[in-house]
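Listed below are the structures to be examined.
After this come two complexes, each holding subunit A, first together with subunit B and then together with subunit C.
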Partner chain A sequence: MLKRRHVLSSRDFSREEIDSVLKTAESLEPYARGRRAGWLEGKILALLFFEPSTRTRMSFETAMKRMGGSTINLGSSEASSISKGETLADTVRVMGSYADAIVIRHPKEGSARLAAEFSPVPVLNGGDGAGHHPTQTLLDLYTIKKESHLDDLSIALVGDLKYGRTVHSLAYALALYGAEITLVSPPSLRLPDQIISDLSRSGAKLVETSDLSEVVGDVDVLYVTRIQRERFPDLVEYSKVARSYRITPEFLERARSGLKIMHPLPRVDEISPAVDDTPHAVYFRQSFYGVPVRMALLKMLLEAGQE
Partner chain B sequence: MAEKELKVRPIRNGTVIDHIPGGQALNVLKILGISRTTGAGATVSVLMNVDSPKLGKKDIVKVEDRELLSEEVDKIALIAPGATINIVRDFEVAEKYVVDLPDLIVGVVRCQNPNCISNSSEPIRPQMQVREKRPVQLRCMYCDLPLTERIADFLI
Partner chain C sequence: MDLQIRGGRVFMGKRVQVMDIWIKDGRIAALGGPHVADDHLDVAGLLVLPGAVDIHVHFRDPGQTHKEDWETGSLAAAAGGVTTVVDQPNTLPAVNDASAYRDKLITARRHSIVDFCLNGGPGNVQELLGEGAAAIGEIFTYEMGEERLRDLLFQVEDADGLPTIHAEDGWTIRRCEEGMRGQQDPDVHSRSRPPQAEEAAIAQALSLTQKRVHICHLSTSGGLELIRRAKKAGRAVTAEVAPHHLLLNRRDYRKQGTFLKVNPPLRSSSDNQALWDGLRRGDIEAMASDHAPHLPEEKRQEIWEAPSGLPGVETMLPLMLDAVRANRIPLDRAVDALSTAPARILGLKGKGEIAVGKDADLVLVDTRARSEVLAYRLHSRADWTPYQGRTAIFPRLTMVRGEVVFDGDMAVRPGYGQNLPGPGRSASRVREED
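On to the complex of A and B.
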C-alpha cells in the first residue's frame, strides 16, 4: 500500500513503500504489454506539461490507457490560460476538478509540491526543474531489480553527477538498499558535497573516481548519463568534458559478463550504438519499464481514493 | 550591571528582548513585523551595541504595553539564537525565557534559489523547515534547497 496521496519526491518513500510499488509493477507487466484491463475505467488523468517531455508524458498516457482510463492534456502553454498569466495554483485547482489525478512537469523547483497543496486530487511529479523526478527513480530501481539485483548491488553512476537530477534521486534511493556506489565523473561535474554528506550519513558505501576503466570490471550496473550541454554557461567548459566517457563494445571487454548498462535517455554519444545489440544494454527495456511502474503508481493512488 | 547604566528608562509593562547579537536589532524588528503587531500607539525602544560580557556587543528591544507571545518571538532565533524574552509587569520581570526556534518558519525567510516556485507570483508564503537550531540550518519546503549562511539577507 502507498501511505501517501501524492508522489512528489522519491526521498519521501520508505524502502517498504518502494518495494510495494515495484511488486505491484511486476504484477502489472503483462497488462503493460497489452493484456486487457479495466481497473481505471472512467478515470481521467490530467497531463500538465509545461516543459518538453517524450518518455514521461507518453508512458503516463500509455499507463492510464492500458488500464482503461483516459487522459486530458494541457497542450502547449501558449494555447492555454497560462499565457494570460494564470498562476499554477489556479490551474491546478481547476484541472483537479476535471480529472482524478494530475501529472505535472514544470521548469521551477518545488512546483509539484505547490501543486499538491492546491490540488483536490493526487499529484504525480513528472520532473520539477532541477529538483525531483520520482517516477524515473522508481523505474530505474525496477530496472535494476528485473535486470540485475537490488540486494548487494555494486553500481557505478557515470557522467554528469553535478546537474543530473536523475542520479541524485537514484543515489538516495540506492542508499536505502545499502548499495555500493561508485561515482564516476570529470572533476568539474562531481556529485555535490551536500548529497555526498547526506549519503554518507545514511550509511551508503561511496567511492569517487574520474577513471571509468578503473571500475568497469567490478560493478553489476553502469548507470550512464548525458553531459547536458544546456547546463554550461561556457561552451569551452562544455567541450572540455563533453566526451569524457564513451562506452563501446571494446571498452566492455573487461566488464563482468552480467554487467547491465542503463541510461535515462536521450543519449548523445556516451554509449555507442554498437553496444545496443550486446546483452549488456538494457536502456530501451528501462524506458518500457516506465509503463508498468507508472501503472502501479496510478492504480495504487486512484484505487486508494475509492475506498 | 550594564543594564543599570542604560540611558533608556525601564518600562512599566511590556516585553524586553535582550541578548540580541550586536547590530541585529533592526532585523529582529523586521522579523517581528513590530509596527504591525503593536499597533500605531506602542512605544518601541531600540538599543544597539551595548557592552555585554557574553556577546561583546548586544542589542536590546523594548516593546511597551504589549506581551509578545512565545510563538510570535521564537522565530527571531533565526538571527538571535540566544535572545532572552522578559515579560515585564509593573516594572518587575514576571516571565523570562530563551527563544527557541520552531520546527517550521512560514513567511519570514525566502528561498535563496531564484528558480524555486516560492519565489514566483504564486499565492503562497515561503516555508522553511528547521533542520538544525545551532548553527541554524534551514531547508526550503518547496525545493529542498538548504539555507545555512547569510540568513538575514533572505528575510522578507
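On to the complex of A and C.
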C-alpha cells in the first residue's frame, strides 16, 4: 500500500512501496490497454502544466480516463494568468477545491513540494525543473521489471549523466535493488561525485567508463539518454562524442541476445531507427508503460482517500 | 577613555535608558559608571541607537560613478544613520574574481566614510570568499538556468559561504512579458514580474540547497508564507525587506510612473501589510535598502527602457523612526531589523548593537525633529527620492568607531571607513594585511 499522500520524488519511496506500485500497475495493464473499468468514476484530476509536456500530460489523462475518471486542465496558455497576481499557493488551493488530485509540472525545482504544502488533495509531481520526475522513474522501473528483471540486474546508463535528472532518480531507485550499474559518459558529463558516493553507500555496484563498446556485451539493459549540444564548447567536439554513443544495429552484434534498450524519449539520433525493429528496442513500450504506472498511482492515492 | 557620550537615552538590551557611553579605541569600553575621558559629547535628550547595518546597497563604483560613488554613497549612508554597508557585486566590472574584488576594495578604502563589506558575485566563489567577501550574492536567479544555479549554490555550500538570493524566476517573467511588450502603462512592470515569480524562485532555492540561504528584498505575501513554513520546518533561512516594499505599492505608479521601476517590482497594498506583519513578528529579520541609484533622466524613459532600482540608503532609518512614532512597529523591532539582525546574518561581530566591546557605531536622534524628505537635502548622486514630502526623523549625528562621520555635513575624510572581511577569509591573511 502507498503510505504517502503525495508523489513528489522517487527518493521518498521505499523498496516495498515501489514494489507495491509496480505490482498494482501490472494488474492494471489490461485496463490500460482498453478493458473497461470504473474505479475512479466521478473523480477529477487537475492537470497544472506550467510548461508543455505532451507525453506526461497525455499519459496522465489516459490513465485517469481508462479508470472512468476525468481531467481538468490549466492549459499552458491559461497558466499565464499567473500575471494577475494570484499566489501559487492560492492557485493550488483553488484547483484542490475543484479536483480530487493534482498533477503539477513546472520548470522550477521545488514547485511540486511547494504545491503539496498548500494542497488539500494529493499532488503528483509531473516533473519540476531539473529536479524530480517520480512517475518517469517508476515507469522506467516497471519497464525493466517487465522486459528484463529487477533482481540481479546489470544495467548501463549511457549519455549525459551529469545533468540528466531521469538517470539520477533511476540510479537511486536501482540502488534499492542492489543493481550493478555501469556509468557510460564522456568525461565532462560524468555522474556527479556526490551521487556516486550516495549510490555506493546505498548498495549499488558501480563501474565507470567512457567507452560504450566495452560494456555492451555484459549488460541486461542499456538506458540511453540524449547528449545535448549546449553541453559542449564546440560543434566538432559534440559531433565526435555524439557519434561514439550512437546505437546502431552493427554495434548491437556483440550484445547479449536478451539486451533491452531503453530511452526516456524524445530521441534525436542517439538510437538509429534501424534498431527500432530489433527485439532489443523497448522504448516505445516503455512510454506505454507510463499509463499503467500512473493508473496505479492514481488508483492507490484516490481510493485510499475514500475509506 | 577617549570619549564620554553624556546623558543620552541609550537603546540597549531592547530598551531605552539614560546612561553614559564610554569609548576607547573606537569601541564601547563601558556603559555607565564613573570614568574619566579626554573628551565628552553632551547629548542630553537625544536617543542613541546602534548604527544601521545596510546589507544591500549598490554604490555603482567602479563603473557607473555618474550614478553614485563610494564617497557620495557612504555620505548618504552616514547622513541616514547607516554605519556599515554591504556593497553588491554587480558593478562594472562585476566582482566575480579576486582581482575585481581587490580593485573595488582599493576604491572603497580610499573613499568610504562608513565601514563596509563587499559581496562576491557568481564567479570564482572559493577565491572571493577567501579574499573576504561577506557573502555570495545577490544572486540574480532570473539570469541563470536551474543547472547553473544548482552548480553555484553547490560551490557556495562547499566553501561554507552564505548565498543571498534575488528571488525572481526568469521563466515566469519571460512568459508574462511575451503578451505585454506593447503596453506602456508603468504598472506593466509589476504585472510582467508577478508574485509567482518570487515564490517559484524561493521554492527553487530552498530545494536546490539544504544549507543556509538568505532571501533578499522579499516582496510578496506568498514568498513570506513560504519562508515562514520553511522556518517552521527547521530550515536555516533568513530574509530582508526593503523600505519600498513596505511603503510603496502599485498605486504609486500613478504619481511617480517609471521612476518606481524596481526589481522585484512594487506589489499590492495587501503585500505591504503582510510584509509589515512579517517584519513586526521577526519572520523577516532584517531591513536592507537595496539602494540602487539612477539619475532622473534615466528613470524618466519609457517603462521597458528605464533602469530598475530606487535610492534608499539615506531614508531607510529616518522613515522607520517615523514608522515607530506612528506605532507601525515597536522601536526594539525596528532597531533589531536595522542593526542587530543584519549584523548577525552576515556574522559582523563588532556591529549591530550598543554593548561593551562593540564598535562605537552610534546614531543620535532627536525624536521630536520630524521633517520632510526632500531630494535636494539628500546626498546620493541619484538626486531624487521616491519618498519626497513624507515625514521622517533624520539623525542629528552619526558616529563610526567613536568618530563623528556626519553632523549635518561630512565630518571625516573620505577613506575613514574600514573593510570588514567576511568569515571566509583565512586568519593568516588578516594578520598579514591589517
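Throughout what follows, the second predicted complex is superposed on the first by the 286 of 307 C-alpha atoms of A that agree within 3 Å, B and C clash if a C-alpha of one lies under 4 Å from a C-alpha of the other, contacts with A are read in each partner's own complex, and residues count from 1 in each chain.
Following the convention adopted for this analysis, a residue touches a chain if its C-beta (ideal position, glycine included) is under 8 Å from a C-beta of that chain, and two chains touch if they have at least 3 such contacts.
None of the values given here were measured: they were computed from a predicted structure.
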| item | value |
| --- | --- |
| When subunit B and subunit C are modelled together on subunit A, clash or fit | clash |
| In the superposition, subunit B vs subunit C on subunit A residues touched | C |
| Which of subunit B and subunit C A:Lys108 touches, first, second, both or neither | both |
| Contacts of A:Val221 with subunit B and subunit C, given as first, second, both or neither | neither |
| Partner chain in contact with A:Glu117 - subunit B first, subunit C second, else both or neither | both |
| Subunit B versus subunit C as contact partner of A:Glu86, first or second or both or neither | second |
| Which superposed partner A:Tyr163 touches (first subunit B, second subunit C, both, neither) | second |
| Touching partner for A:Ala130 - first (subunit B), second (subunit C), both, neither | both |
| Clash with subunit B, by subunit C stretch, listed 1-9, 109-117, 199-207 or 289-297 | 199-207 |
| Footprint overlap on subunit A, comparing subunit B with subunit C | 87-89, 106-111, 113-114, 117, 129-131 |
| Complex contacts: residues of subunit A adjacent to subunit B | 9, 11, 87-89, 106-111, 113-114, 117, 128-132, 194 |
| Of all residues in subunit C, those that touch subunit A in their complex | 146-147, 150, 169, 171-172, 175-176, 178-180, 191-192, 194-197, 199-201, 203-208, 220-222, 225-226, 229, 267-268 |
| For the subunit B and subunit A complex, residues of the former touching the latter | 111, 113, 115-118, 120-124, 140-146 |
| Subunit C-touching residues of subunit A, taken from the complex the two chains share | 51, 79-80, 82-91, 106-111, 113-114, 117, 129-131, 163 |
